[in-house]
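Shown next, in structure tokens, is the structure this report addresses.
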Amino acid sequence: MGFRKRGMSHFLKRLKAEPVEVILFLCASSSIIFLFLMLLFIAKEGAQAFLTFGINFIIGSVWETNLDLYGAFPLIYGSLMVVAGAVVIAVPLGVVTAIFIAEVLPFSFRDLIKSLIELLASVPSIIYGFVGLLFIAPQVARLFGISSGTVALTASIVLAIMSIPTIVGVSGEVIAAVPRDFKDAALALGATKWQTIKSVVIPTAKSGILASIMLGFGRAIGETVAVLMVAGNVALIPTPPWNYLSPVYPLTATIAMQMGEAAVGSLEYSALFGLGMILFIVTFIVNTLADAIVKRESKFRSGVK
Amino acid sequence: MSKVREKVLFAFLGIPTAICLGVFFWLASVLLSGFGTIKWNLLTASVLNGGYLEMIVGSAYLLLGAAGIASPVGVLAAIYLVEYAPRGRLTRVIDQAINNLAGVPSIVIGLFGYTFFCRQLGLGISLAAGWFTLSLMMIPIVIRGTEEAVRMVPNAFKEAALALGASKWRTVRSITAPSAAPGIITSILLGIARVAGETAAILFTSCVLVTRGLPKSPFEPVMALAFNLFVKIVALGESPDKVFGIAFILFLMVISLAAAATAFRIYYRRRQPWLK
Amino acid sequence: MSKKANKGISTIAAIAGMLSLLIIGLVAGYYVNAITAGNQTSEFEEDSSWRTASITLSGSTTVLPIANASAIAMMNKYSGVTITVQGGGSGVGYSNIIDGVVDIGMASRDPKTTEITSAQSKGVNLWLHPIALDAVCVVVHPSVANSSHSLNLTLQDVGKIFAGIFTYWDEVEAGLPHQPIVIVVREPGSGTRGTFEEYTMHPWNYNVTTSASVQPSNPAVRTKIETTPYSIGYVSFGFLSDSMHVVSLAKEAGKPYVYPTISSIAKGEYPISRYLYLITNGQPKSGSLADRFIDFVRSKEGQQIVEANGYLKLPYVYPAS
Amino acid sequence: MVKVDIRQLNVWLKGNHVLKDITLTTKENAVTAIMGPSGCGKTTLLRAINRMNEIIAGCRTTGELYINGRNIYDGETNVYELRRSVGMVFQKPNPLPKSIFENVAFGVKIHKMANGESLASIVERSLKEVALWEEVKERLNDSAFSLSGGQQQRLCIARALAVNPEIILLDEPCSALDPIATAKIEALMRKLAEKYTVIIVTHNVQQAARVSDYVAFLYLGELVEYGPTKHVFENPQSKLTERYLTGEFG
């Protein structure tokens, strides 16, 4: 409370001294305001679902619109499964690519290849979905001898392709930020390039790389359109649960598919906002953690430990 | 000899990079393969005659409006954060909020846009609702890009102005902002590129399948490439060859925006010696 | 490079950029509005205000292609009218009419009781205008049945399959392969799904098994069935293909099995058929654009659009106007 | 005894001719100082001795550089072994983001040198050689960044000593340090010369006079004068050297 009071009077003083600063401040705080409004309105619309089902809204395993039964667990599981698959594919590829570009590739190629991979990041998700549906799903079906290629694996592959540029971009930046000094120190001691990468570059950049993976994860779990087009959309936990060749129904796909059908104010409508709430909270936590990792790291660098 | 072993090792490390590039070229070739099937006259033909013109211009309307909202807010916010913000709890919270806003999934932004802009503010399914919703996705990008650009302006420039007795805001206006302008423009372009292909956020907020012409006011709905592509594939189940044209144009539009942003950045980095 | 030069360049670049975008936008807008203005023809009488009116439609994705094509045709014909078509689903079609958000709703099922009560409480009079006839056809992959060995089922058998009571094909009928049944359904809220369940599931209080694959559209179901051995699903009549086997249905055991054809559907012999509707709040005012649009869809030209999209035209003809 | 023998060495960096025809020999167990105004190429010359210039893009080297009678630019030299035997200390202390112990142990580990003698004793010996042991023995696992600047620089020297080099290259090692820390490092250099061949780059004339046995004066990439320190300082052969020593430019 004391903080706010001081803030308020300070604010008013500033308003008189330099009115421009107040406008600037309002712009800067718009992010907080909108984040808060988002939480408020999505919670308001989703409240009915949480009130009706309680904890079963999250752990209930039946999502059946006809019965007005909404247990989101299969959807949450579907999202996690698809994203986990994507992480397994994208992280090794992305991180090694970032290291290769920053440390091994001749200078003249670096910018070109980095720009190409960055361009991949800007391709709209609906294009990825379109290509996934048209070209990747049939290949997956053929390769594994399954009837339909719209399964969790396909969604994971499409998501992985979409996440790689994020991971390459962010970890590339982190690796480029490893001070020249560190590398010189190792090289001058007679370390080979690979030894330098292994024992200086990677350890120094590792928490930044971890943060980039988490950012990629946060992006991936919120991805909607591409996943909807290739995930198969069955609201069931696969049997066995690790069967990547069965269709799943991720959270985001459920919202996009059913929002058009749900009458405003109905329990279904509320349940869809409830899903939005779950997504909001999960990505909020992931992003905050990623930030915390980056900040802790910069403190260690400055010697505070 | 260890040099040889290292070469072999690096060759292996190069495989993932090759895969990533392979994916890029594959994607490009897949989309380019549809190039021949596109009837170019459809680009300038009305939707009423089976063309895409209103969708293309409609998408541009959405993007320009969103940029019109996000650019001033984002740029001013970034200037505040770099030049004015006191070091303290509030500033840290703002900083964190920007990161978190950037991380909100677009479908959640879309849900919020629908319940807040369309219903609460009564904008209905309209261009304006789409502008506000998309601008929420652009603001963090513009802020981060502008912050970086403003930080890169050498202190010596600012001190020179301040030493001459210029006020802080005056210095920002006449020294900092112009010096950072290329970086700011790049960040706005990147923001536009980022939302240009966005589907989930406009799904419930601003688009329709067909109407006549373009909206005559911000309170009318609009046709857009991404939305029409989505509805045509997912809801109407039109065959892929029928929608290839829309997919290709959308791809081309977004890629050229992103490439323009990158080219712009590289060009100005070269011209501004203090950016190393 | 001097600061001053740089400042000049970037400011000019920014202003030039903004200006050129603005000009491009205005020119494009003018151009679009010029080419989208249609030709004036006179089929309806000249004297009314509907020629400059605007209406909005939303609702069922089944009706969407018909509404989309009809709207385009009508806008091409009458230069002043604006017809906006949104998507959604049958649920949205009803709720938007009840909320008064759109002028015409689209639905591929009858209203639910909750929708009727909700309409009554808001004083909305749901007025259904049939525009096309549709049959929901049960289809299986050729690995289950084919033209030499066709499949006949009662509605309750179909229900048992979709409810997961039968899990292997040989439980349904001896002689069919001992293979698990793969079930494909439409998304909840879909009119096709609603009609299907109304006839095959609800009478026996069955619910679709949660292991069913959900597909967002008729073509998606068709593709899924065509490519999935031992699968069963349902599509609108207009989406039948030669790569699927169509099941003949009987209302109940002892009644004849009917194969869906234009005549069997039109005569009401095929058991799962439905109307596609446009919905208004009360009878639309005679001579209003909503009225004209509904008349247009029911006219000869409109009914050609209906058939082109794979649905059956109405068995009776509405007089124009 | 000649330790390093440089013959007609030329280096181009990004097209600039940075070192021009340098010919110079340094003696074993002596401190050789390379001095000259900024931009004269003294750091590049130093980095030529352990081939650290190679990691800079757009670098080209011609000429010969013999260490113990072997030309290190002959294309057969193992550059990693070369850098082990030619230790280097940088202008700014550059400890690795690891603990104090791990910093000293780093080179020993990558060259797998801890045979027989334990890693801990190598670390202890190296830290004693730079007179840092007493100051840090209680906190070997702390981050190297917790040390003061002077301590960090001595740690970097210890790190170089741990891999048994024959030559130590120091690139203006005191430029980021205060006078007390500088005095300690200078004393250390004299001590190191008993065991190693020391080559130091400096732009500080007094420092060169204090610590070196031989001094080379570089100007615009050319070797202007080279000889015993005493000789050069008391009786410079070149007018340019004289003007530099008297502080007219630099």
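Labels for the chains are A, B, C and D, by order of writing; each one numbers its residues from 1.
The definition used in the following text is that contacts are C-beta pairs under 8 Å (C-beta built on N, C-alpha and C of every residue); 3 or more make two chains touch, one makes a residue touch a chain.
What you see is a predicted model; the values in this text were computed from it and never measured.
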item: Steps in the shortest chain-to-chain touch route ending at subunit D and beginning at subunit A; value: 1
item: Any chain that touches subunit C and subunit B; value: A
item: Chain whose mean Cα position lies farthest from subunit A; value: D
item: Chains linked by the largest number of contacting C-beta pairs; value: A-B
item: Mean-CA-position distance for subunit D and subunit C (Å); value: 80
item: Length of the line joining the C-alpha centres of subunit A and subunit B, rounded to whole Å; value: 17
item: Subunit B-subunit D separation of Cα centroids, rounded to whole Å; value: 51
item: Distance between chain centroids, defined by C-alpha means - subunit A, subunit C (Å); value: 35
item: Subunit C: positions in contact with at least two other chains; value: 61, 87, 216
item: Two or more partner chains touched - positions in subunit A; value: 192, 260, 264
item: Junction residues of subunit D - those touching two or more other chains; value: 80
item: For the subunit B and subunit A complex, residues of the former touching the latter; value: 2, 6, 9-10, 13-14, 16-17, 19-21, 23-24, 27, 30-31, 72-74, 76-81, 84-85, 89-90, 93-94, 96-109, 111-112, 114-116, 119-120, 136, 139-140, 143, 167-169, 193-194, 196-200, 203-204, 226, 229-230, 233-235, 240, 243, 247, 250-251, 254-255, 257-259, 262, 266
item: Sites on subunit C touched by subunit A in the complex; value: 61, 87-92, 94-95, 99, 115, 182, 187-190, 197, 207-208, 210-216, 224, 227-229, 231
item: Residue numbers on subunit A that touch subunit B, as the complex places them; value: 3, 7, 18, 20-21, 23-25, 27-32, 34-35, 37-38, 41-42, 44-45, 92-94, 96-97, 99-101, 104-105, 111, 113, 115-127, 129-131, 133-135, 161, 164, 168, 192-194, 215, 218-219, 221-225, 228-229, 252, 255-256, 259-260, 264, 272-273, 276, 279-280, 283-284, 286-288, 291
item: Subunit B contact footprint on subunit C (complex, rising order); value: 1, 3, 6-7, 10-11, 13-14, 17, 21, 24-25, 28-29, 31-33, 35-38, 56, 61, 64-65, 68, 71-72, 75-76, 81-87, 101, 216-220
item: Touch list for subunit B against partner subunit C, complex; value: 45-49, 53-54, 57, 60-61, 64, 124-125, 157, 174-175, 178-179, 181-182, 185, 208-214, 221, 231, 234-239, 268, 271-273
